[in-house]
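Next up, some structures in structure tokens.
Shared chain: chain A. Partners: chain B in the first complex, chain C in the second.
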Partner chain A sequence: MAAAGRMARATAINGFIVLLGLVVSGTLLALTGADVAAAAEALVGGSIGSPEAIRQSLVQATPILIAGLGVSFALRAGLVNIGADGQLYMGALFASVVAIFGPQLPWPIASIVMLGAALVGGFLWGALPGWMRARLGMSEVITTLLLNFVAFWIVSWAVHDPIRDPLGGGYPWTPEVPDAARLPALRMGGLIIPSGILLGLAIAAVISFVLHRTQFGFELRVLGDSPAAARWSGIPVSRRIVAALAISGGLAGLAGAAELAGNQLRLSDFFSPGFGFTALVVALVGRATPSGTVAAALFFGALAAGGGSMERVAQVPASTGLVVQGTVIAILVASRSAAARSLASRVRRLVARPRVGVA
Partner chain B sequence: MDDLITIFWSSAFIAAAIRFSIPIMLAGIGEAISERGGVINIGLEGMMLAGAFGAVVGSDVTGNAWLGLVFGIGAAVLITLPHGFISINLGGDQIVSGVSLNLVALGLTTFLFRQMFGITDQPQVEGFEPLEIPVLSDLPVLGPAVFSQSILFFIAVGLGLVFWAVLFRTRPGLRWRAAGDDPAALDSVGIPVSRTRWGALLLCAALAGMAGAAISLGQLFTFIENMTGGAGYVALALVIVARWNPLWAIVVAVAFGAAEAIAVRIQAGGITLIPYQLSLMLPYVLTLVVYALAARSGHAPRALGKPFVK
Partner chain C sequence: MILPLGSMGAPQPDAPARIGADGSVAAVPGGSGATPLVELRGVTKTFGDIVADDDVHLAIAEGEIHALLGENGAGKTTLMRVLAGLTRPDDGDIRWRGAPVHIGSPADAIGLGIGMMHQHDMLVSTLTVEENFELARPRPPLALGLADTRGRVAALTQRYGIDVRPDQRVETLTVGQRQWVNLLRILDGPEVRLLILDEPTASLTQSERDDVFRTLRHLRAGGVAVILIVHKLGEVFEIADRATVMRAGRVVATRPVAETSKEELAALMVGHAVETRLAGATKAPGEVILSVAGLQTTGAARDLVDVSFEVRRGEIVGVAGVDGNGQRELGECLAGIRRPSAGRIEVRGGDVTGTTPPELTRLGVARVPEDRQEHGLALGLRIWENIHLGRSASRHLVRRGVVDTARARRLAADLAARFDVRAQDLEHPVGELSGGNQQKVILARELGDDADLVVAMNPTRGLDISATQFVYEQLAAARSRGGGVLLVSFDLDELLGICDRVLVMSGGRIAGEVSGAGADRTLIGMLMGGEHHVVAGDVAL
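Now for the complex of A and B:
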């Protein structure tokens, strides 16, 4: 009961923060001369106004949901993975090499093999900073950030040279993923649901189970809450750190494959418009819980889809969506800072005092 | 082999390496100071972008590159204020706050630039042209390479020297280092940690603003969406290799600038030995290696990234 109450309060607070973020960034944009009313109308219409808008929102939500779940997973173990973008690129690289240049398999085996390859690519790219943290004492914040760029330039080289589509119209990108490996869209009622988002929901359920129903998940949470307690209680801290970042990276890699096989079909060096950073935002807004991450990913997916329509319909650049994202995070960090926590506990004490007298 | 020597030991190549080093040198010096003071700035990229944007607007409005530079510094400082408040006064997470700064800077500069100039109307503004220093620029090879740079290069090197001296030879520098190494000790002698950290951070923002201006007013004389293109992250890496020392930041910046110059050469067809992406990847790999070696040696400020709450 208490847990449910806490959850409801946390959800309400995050909803309020997102709303505040919208208001603050909307005001900021209005001050600089944007037609906020027209923009808001286009935003809503383009994100949930029609079945096609909803499909677009779900397509946009897919990579940030799956990568966001990865970032959340590491956060629960107390690790800040800001390298989801690089892991996503590595996953998409492994996926495209296997799906396009490997043996041509029938559906759905081709899809499964491709997703598996992406998982491996991201896993390795996440295990590396995990190992650096556990064995060499290097901060995962710095290493994952740096590895983003290493991954990006590897992919950039690959799509310019060895895996470039010779018939790609001059663009440095790979051929399209074959039909058998693509992630299909499902018709449900009047809606079109991309299967990638269903994959994301399934992963959220699995993560929730692992975190709360397994010894491994329990140990990761202890590690996240108190590294010292984890060490005292005999948890193999180094191995858990590597595992947490590797799984985190694996999921980000999977997000790359879902984006590749469900949306863009070709890998290029403009494949990710910063999915990894949005994934971090999604994980933070979702308080690193699977359900919260799902809600946040759907919201930011809708924001991205609506942003596109804002640009087309209301001539407000889609980049304003970044301002909203940035503002939301800024308010979020402020609300979770040491100062805000001590303020909150002071308020709680003030509110709680009269009750003591009643009891 | 001889071919490579003629490429690398040429005025054109060294000049390009230095030209590319100016923005990351300025930002790296600033970040070294800020990190010495305990505040890490993932948002360095965003500060630079704001600086690049502000500088173009300022130069366009006033028709003067120096006033443009002042605008650029102002824009970078302005966009850093929320980050400072969150990470210094509120004790919030510096990494996440920095990510937010980057997102807001990218969104806001893109939006404002289109709002002010439209999509088709690309302004060409007054910038910093290379200047020929008499006598010295006539030296063989190095003359045209080192002494025919924009004034910003000499400012950057000068600032590197000055802030090295300030950090390691003066009282304010000692306080900055204390704020990043042992803030509790600084607090116990009655010096407010927050004010000290604010000083280091604002200095970093100002230098990052100059760095952005060095890209927009020193290279392209206009603004383009996301024109910093990751230079802020290169500067973050540079600080690690330079071991948080402004003097070394000068040297490492030129080395990293050379990597960029090599990449440009490869793309132009001058070198076919390696793909240009490898050259652009090299600074990050080198940083990882140096960081791996330095992680245990304790060069990093001990309270880096940690909020100080009394």
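Now for the complex of A and C:
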């Protein structure tokens, strides 16, 4: 019951922060002389105003949700995975090789095999820094960050040469994923729901179960809270570190496959506009909980879709969406600072003055 | 009153104390007549519905060491924060040398000459000692003068005989050295007339503590008043002139130390009479339950050298020694988190050398780690989860990797009730509990399944009197149901009070053994100091 109350409060606070972020960015926009009303209309219209707008928002949310869940998972074990972008690229690489160049399988087997391949690619790309941390004591913050570049250049080389589409008009990209492997969109009561987002929601549910109901997840949370206590209670710390980063990477890899098979269809070296880094932001804003990560990913997905429409409709640069995003993050971070907490407690005290002197 | 053993550290001339070692207070002003240095009158402070301090009156005389006693939550820290300008009281006023003063900020307090050393140290670990001094002393921006600070710090450390370099990073210091930095930082400021120390001794070893006390006596001789918050009654009688006892936000009594007793102070603190000693073992010890033979380690801070001993059923065996003489390493070997390089550990005759913690739990070995917040608990996790921690091997709590959370919660609730964990419910993070309740959570987890062998390291460190008593009772209960207990402690009073036998460690070895009751403290002191060659023959059984 207490948990439900806390959740409701957190939702209310985050809603307020988002609103504040929108107001602040609106003010900034007004200062540049833009038509704020038109921009706001385009933002809302382009993100939730129509079934197509909603579909766009969900498509944008899918990779950052799935990769964000991966980042959150590692965070719960006390590990900071900055390498989601590279893991996403490796996942997409494995997925495209299997789907495009492997045996042509019927739907849905082709989809499942492709997702499995992506999982393996990301898993390996996450296990590597996990192993370096557990066995060699190297900080995963650095190794995951650097492995991003390695993954990117491997993919860049691959799409320029061995798996390049010969009919691709000279672009460094692969052929399209065959129909049988694509992730379809579902029609649900007037809405168009890309199946990738459903996959993301299902993963969120599974992670929630793993973290809170399984011994494995429990041990990861102990590790994240206190490595010394984990060691004292006999949790195999090294193995858990490798597993947590491998799973984290696997999910980021899966995000790559979902983006590939649900949106772009081709792998290129401009495949990710920084999904992995947005995923990190999503995980942090969502406080590394599955439900928080879902909420944050949906919000940032909507911002991305709405930002595009602002540019098209209201002639406001799409980067305005990034301004909103940045403002919201800044306010969120500030709202969690010690200064904000003491301010909040002061406000609470003013609102409810204790009855001094009553024995 | 028995004085504790002298420090083995650097010899220092004792300050010319004007109070006799027996604690007589004849020379101390502060009774009738003289104006107190500081006087709190009717101070009240509430936090929401909690009344932390309730109409408190307290007068401190110049040149006295005044002990402030009370259970956790009695309101001691809050009251002292009022004096230090860190907390604004709802009501009441303060007089300084008889004149009303307003202490609205730490700067006001420092201006008057009030310095406070906090319960939880406020040093920045990643900075050096001198940088921390710099932080404590506000000065105009751009007027950084580290060179000047370095000289002052060096002078202070030299004067008090502290082995700390000004450019040493705080994170490399021991607990005791950090404490010194805290203290010197206060003495570095404008002249201190009132020094407030909030539980400074909780994590110190005996010799470190002796050094601190020597300094306090020295300050007292110079007319400085000291308010000392402590939990150990022995320390009150050792150093204080007067003692004030608080309970539930109120002052219950102020007594000259010479006119009271441990029993009276303990009773005042908890509101009823308490047993300060445990009854000894009723039965003769039974079969051997723990046997350690020829234990050695390599690569530890203090390596074990050929450590051998036995613990039998129905006895509490203590391990005494100055901190850093191998007790931690011994505990870690027995807890299954350090692999010995040689030797053998047997529990009930079975070899458990180098085995894992879960296996030890399965064998009924309870482990109470030295640092409850670091090693014993995951502070951010819930209370019931912390009870579940390390128990997953037992009682079918986990099936195919899935935790039966309903069952784990029920079991935790059951244990929490048996071990008197005071919490609203078990869904709160364990870090929100008081230190005593945190220790009870660990005891509930470790001793709950009627553990056969208990390995406890400094289990009462920093606990108040009721919580300490509770821990003793639990150890005694383990003994009386036929288990064996190994108690590592830096507190000699504690060891001699509840142990049947005490092993003394020095330099990674077992230097000797004495029987618990009526043991000769001088002998133990010599053993601790590594004089086992001289006396071991007389004491080892």
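Going forward, the second predicted complex is superposed on the first by the 334 of 359 C-alpha atoms of A that agree within 3 Å, B and C clash if a C-alpha of one lies under 4 Å from a C-alpha of the other, contacts with A are read in each partner's own complex, and residues count from 1 in each chain.
Following the convention adopted for this analysis, a contact is a pair of C-beta atoms (placed from the backbone, for glycine too) under 8 Å apart; a residue touches a chain by one contact, two chains touch by 3 or more.
As the structure is a computational prediction, the values presented were derived from the model and not from experiment.
When both complexes are superposed on chain A, chain B and chain C clash.
Of the two partner chains placed by the overlay, neither chain B nor chain C lies in contact with A:A117. Within the superposed three-chain model, A:R231 lies in touch with chain C and out of touch with chain B [touch as defined at top]. With both complexes superposed, B is the one of chain B and chain C in contact with more chain A residues.
By the document's definition of touching, neither partner reaches A:I203: not chain B, not chain C.
In the superposition on chain A, A:V294 contacts neither chain B nor chain C. Contact with neither chain B nor chain C is seen for A:A305 once the two complexes are overlaid on the shared chain. Of the two partner chains, chain B is the only one that A:I142 touches; chain C does not reach it. Shared-chain residue A:L284: touches chain B; no touch with chain C.
The superposed model puts chain C in the path of chain B at one of 149-157, 185-193 or 203-211, which is 185-193. In the complex of the two chains, the chain C residues touching chain A come out as 44, 46, 48-49, 54, 90-91, 335-337, 356-359, 361, 367, 369, 371, 374-381, 385, 388-390, 392, 398, 401-403, 405, 425, 427. Against chain C, the residues of chain A that register as touching in their complex are 2-3, 212-216, 218, 221-222, 225-226, 228-234, 354, 356-357, 359. Touching chain A in their complex are the following residues of chain B: 42, 82-83, 85-86, 89-93, 95-97, 99-108, 110-112, 114-115, 225, 230, 233, 236-237, 240, 275, 277-278, 280-281, 284-285, 287-288, 291-292, 295-296, 305, 307, 309.
Put simply, chain A touches chain B in their complex at residues 28-29, 32-34, 80, 82, 132, 136-139, 141-143, 145-147, 149-150, 153-154, 156-157, 160-161, 277, 280-281, 284, 316-317, 319-327, 329-330, 332-334, 336-340.
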